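Look at the two complexes coming up: subunit A is in both, with subunit B in one and subunit C in the other.
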Partner chain A sequence: MSNATTKKGRKTDSRWFRWRFHLSGLLMLIPLVLAPFYIELMSVFGGASGLGARHIGTQAAGPWQITLAEQFEQAPKLDGPAGYMKTFNAALCQTCAEQVKAVYLRLGKPRSLRTAGVIGFGSPYHMSFSMPVPENTALDAELWLTLEGWDGSLQQVQWPLRQASPATIEFLQQQQEL
Partner chain B sequence: MYKASLRRTALVALSGVWSSLALAHFPFVECHQGTVDIVCQGGFSDGSSAQGITVDLISYDEEIIASKTFNDASSVEFAPYDGEFYILLDAGPGHTVEVDWNEIKAP
Partner chain C sequence: MNSNTQAQAPKKRTQWWFLLHSWLAMPIWLFLFFICLTGTIATVSQEIVWLFDSSVRANPPDNAGEMLTFDEVIEVVEREAPGAYVAEITRPVKSQFALTAEISYPDSTSENVFINPYTGEIQGRAASGFNFRQFVRAIHGWLLIPFNTGFTRYSFGWYMVSVLGIPMLLSLITGLVVYKKFWRGFLHPRLRVNRGARVFWGDFHRLAGIWSIPFILIISVTAIWFMIQGLLFEAGVPFNGASQAPVFVPRDEVPVAEQGRPPLITPDQAIAAVNQRYDNVEAQVLRLPGTAFGHYRVLGRSQAFPLVHESFLVNPYSGSIDEAMRVGDQPGLMFTRLSMRALHTGDFVGLSLKLVYFFFGVLLTMMVFSGMRIWMTRTFKTTQAAIRQKKARVKAIGDSA
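Let's turn to the complex of A and B:
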């Protein structure tokens, strides 16, 4: 008796009441729609779809070789008070992966090993660098990669920023026009 | 065309979420000229303090003029140095930030 009264009180004839269950079922479609993009993104981070969205090139650094790529062909992203950050990925050659202790990346020539820039994280075949990009960076600036060997030796290679990331150059032009 | 645009939007949105997680703690330091001393405020982009982290004032010929650590207010003060120099926050290899003498903000 009491159940019947409760059911009556819920206004079961309401269209919203009858369809809200089906609408909540539709929410399950959201992850299904986003799953392919998520899988694609994870393949970029994991290296399954290559070193990055845009391959920059390979250079010899003394006895070693390093390949650089832009993770995404995008302008740097603002990271709070740390400023704009841009992500590059790099891979060491198979024979040199065990000889290189660390790889650093920065804009402009480092003054010393302490100021060699951000360190590469991850496997030697898919290191990731999140590098700060000051808004007043010169358009002819160069990316400097410093490779530090386990034997203490240092090797450096450079790429013009214009060649390494046209999207960053476009971003800097916009910032400097303001 | 529509599919390509949707794909790009979704990738950018997702990468924004994941990259912000990955970049959650990049160090920063800002310096300004105080009444007498140079005052620097340090920290990390996730809002955490730089207390206890080494910060050096180094001349252009790589001589360490002063070596200090950030205090409990995540700031540090250096006596004025007559010459070209830079201030280096050193939170470990690959976690450094430089402020050149000509980037120090006027009082």
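Let's turn to the complex of A and C:
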């Protein structure tokens, strides 16, 4: 009887002995599981699903019109020495795309064009802003967009940060509680 | 007796090397196999798309004349998709691939459009972002694990994959040590197909191994470099050189215009400006200015040193060349990075080299498999033998009792 149990034990030992060397194959599950997320991420980056993961709204800025979106409904991300960064996307209307020279974005009211913030990069229908978010930003801060025309004219619109990115507000609350 | 131990010493050393060689890849063989296989597919991923999707082919008509210039590509887009913004044009020369323009529409979506380089016909469209080529690369390169998750700035998968360069390089070295006089294998190739699986895979492993020495060396060293590159990036080491701040058109050089966007010089004019000042530049990719203060970026593979591409920034208002990065101008780290990548992917000559890389990629993938087969049959037999011996011993004890 004791002989039978040891025999059985050896059998499983041997199977385990053989199969444990194939276990690294389980790592292949990583890309399998992540594939839907990857496809989703690429469609956001590629603009296939529009301006971003979450539309914030459209406002008139003087004669022009601008739409703002969060690229992801997520908290700002630490980007090495640059600190925490948050990406917003904006689109100009088709008629005003030719009129507007540049769009800038920052937290809080800019004092001048020099301090208007980060410049929107890329297509006027899908400008991307990578904006620094200091950890001590006030929870009632506002996002200021400054539109500069080719003729030199300036227009400004703002959104409360609470409305523009609830995820960022949540992040700031957590940071400031610590 | 003294002479006997002396003779055994080298044998023991070889055995030790052999053990090391056997154990290097065995615990990770299936993962390594997967990475080699996806890498092999990635080498020819563009060609695979070409096979299955006729719209990305160049398809020259019978009376094929000159290829469309960059300006003509923009004209095609403006005609077919009025109001669309062109972000980038890729214009492969002497290639079987169509021209590609990355364009953005007023509804904020974007697409890659494939344009026949001779007729200007739009042959197909694909949403930018996800595509097969990039997908295979992302599986092979970082297992689709996202970048910049807060834990590491590069994808964690990047390190899981690139660290495999170390066992691969060590496998090559130990393999050549234990394969005595391996150079004889070049002159007397041996692949016995009728002596059972163990013999076949053993012969295959050795034969493919010696013919793949340069390839395995290239792949493993460049993979180890990818790991170093990631670590340097984590440490904040600038690849473009510390002094290389982004170049912008100064505000006072950007014209003020009452009637909207002032006219820019055209892409062909920008490229002509580069060709006028620099010899041997063949523009392959053109990026349009990303802001009112941005430049045209003209990219072309170096004719003198094809591992590295050259880049020129052309002021879209004045036509002046505000930055020229030729092969010799690249900072050392950037030069290394570009060369290593090109060496790893094999994408710097054209289809012929890609097929060579594909062939050796298949061999390498099969070497991982054959190594496992050899290990399994041998080790399994040794284990069986050990169990048999033990059984016999137990039986002998029982009989004598």
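Here, the second predicted complex is superposed on the first by the 139 of 178 C-alpha atoms of A that agree within 3 Å, B and C clash if a C-alpha of one lies under 4 Å from a C-alpha of the other, contacts with A are read in each partner's own complex, and residues count from 1 in each chain.
Quick note on the criterion: a contact is a pair of C-beta atoms (placed from the backbone, for glycine too) under 8 Å apart; a residue touches a chain by one contact, two chains touch by 3 or more.
Everything quoted here is computed from the prediction, not taken from an experiment.
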Which superposed partner A:Thr146 touches (first subunit B, second subunit C, both, neither) = neither
Which superposed partner A:Ser112 touches (first subunit B, second subunit C, both, neither) | first
Touched partner set for A:Gln155, first subunit B, second subunit C, both or neither | neither
Applying the touch criterion given at the start, work out whether A:Gly122 contacts subunit B, subunit C, both or neither, answering first, second, both or neither.
-> second
In the superposed arrangement, which partner chain does A:Thr137 touch: subunit B (first), subunit C (second), both, or neither?
-> neither
Regarding the shared-chain residue A:Phe72, is it in contact with subunit B (first), subunit C (second), both, or neither?
-> first
Going by the touch definition up top, name the partner, subunit B or subunit C, that contacts more of subunit A.
-> C
Just subunit B (first), just subunit C (second), both, or neither: which does A:Pro81 touch?
-> both
Which holds for A:Tyr104: it touches subunit B only (first), subunit C only (second), both, or neither?
-> first
Subunit B and subunit C contact sites that coincide on subunit A, given as residue numbers = 34, 37-38, 41, 44-45, 77, 79-81, 102, 119-120
Any idea which subunit A residues touch subunit C in the complex?
-> 10, 14, 17-18, 21-25, 27-28, 30-31, 34-35, 37-39, 41-51, 67, 77-81, 89, 91, 93-94, 97-99, 101-102, 119-126, 150-152
Give every residue of subunit B touching subunit A within the complex, in rising order.
-> 7, 10-12, 14-16, 18-20, 22-23, 26-28, 30, 43-47, 62, 86, 88, 90, 93-98
Listed in rising order, subunit A residues that touch subunit B in their complex are 34, 37-38, 40-41, 44-45, 72, 74, 77, 79-83, 85, 87, 102, 104, 111-112, 114-120, 128, 130, 132
Which bits of subunit C are touching subunit A when the two form their complex?
-> 26-32, 34, 83, 85, 87, 104-110, 127-130, 134-135, 138-139, 143-146, 148, 150, 153, 157, 160, 236, 254, 256-262, 290-294, 372, 375-376, 380, 383, 387
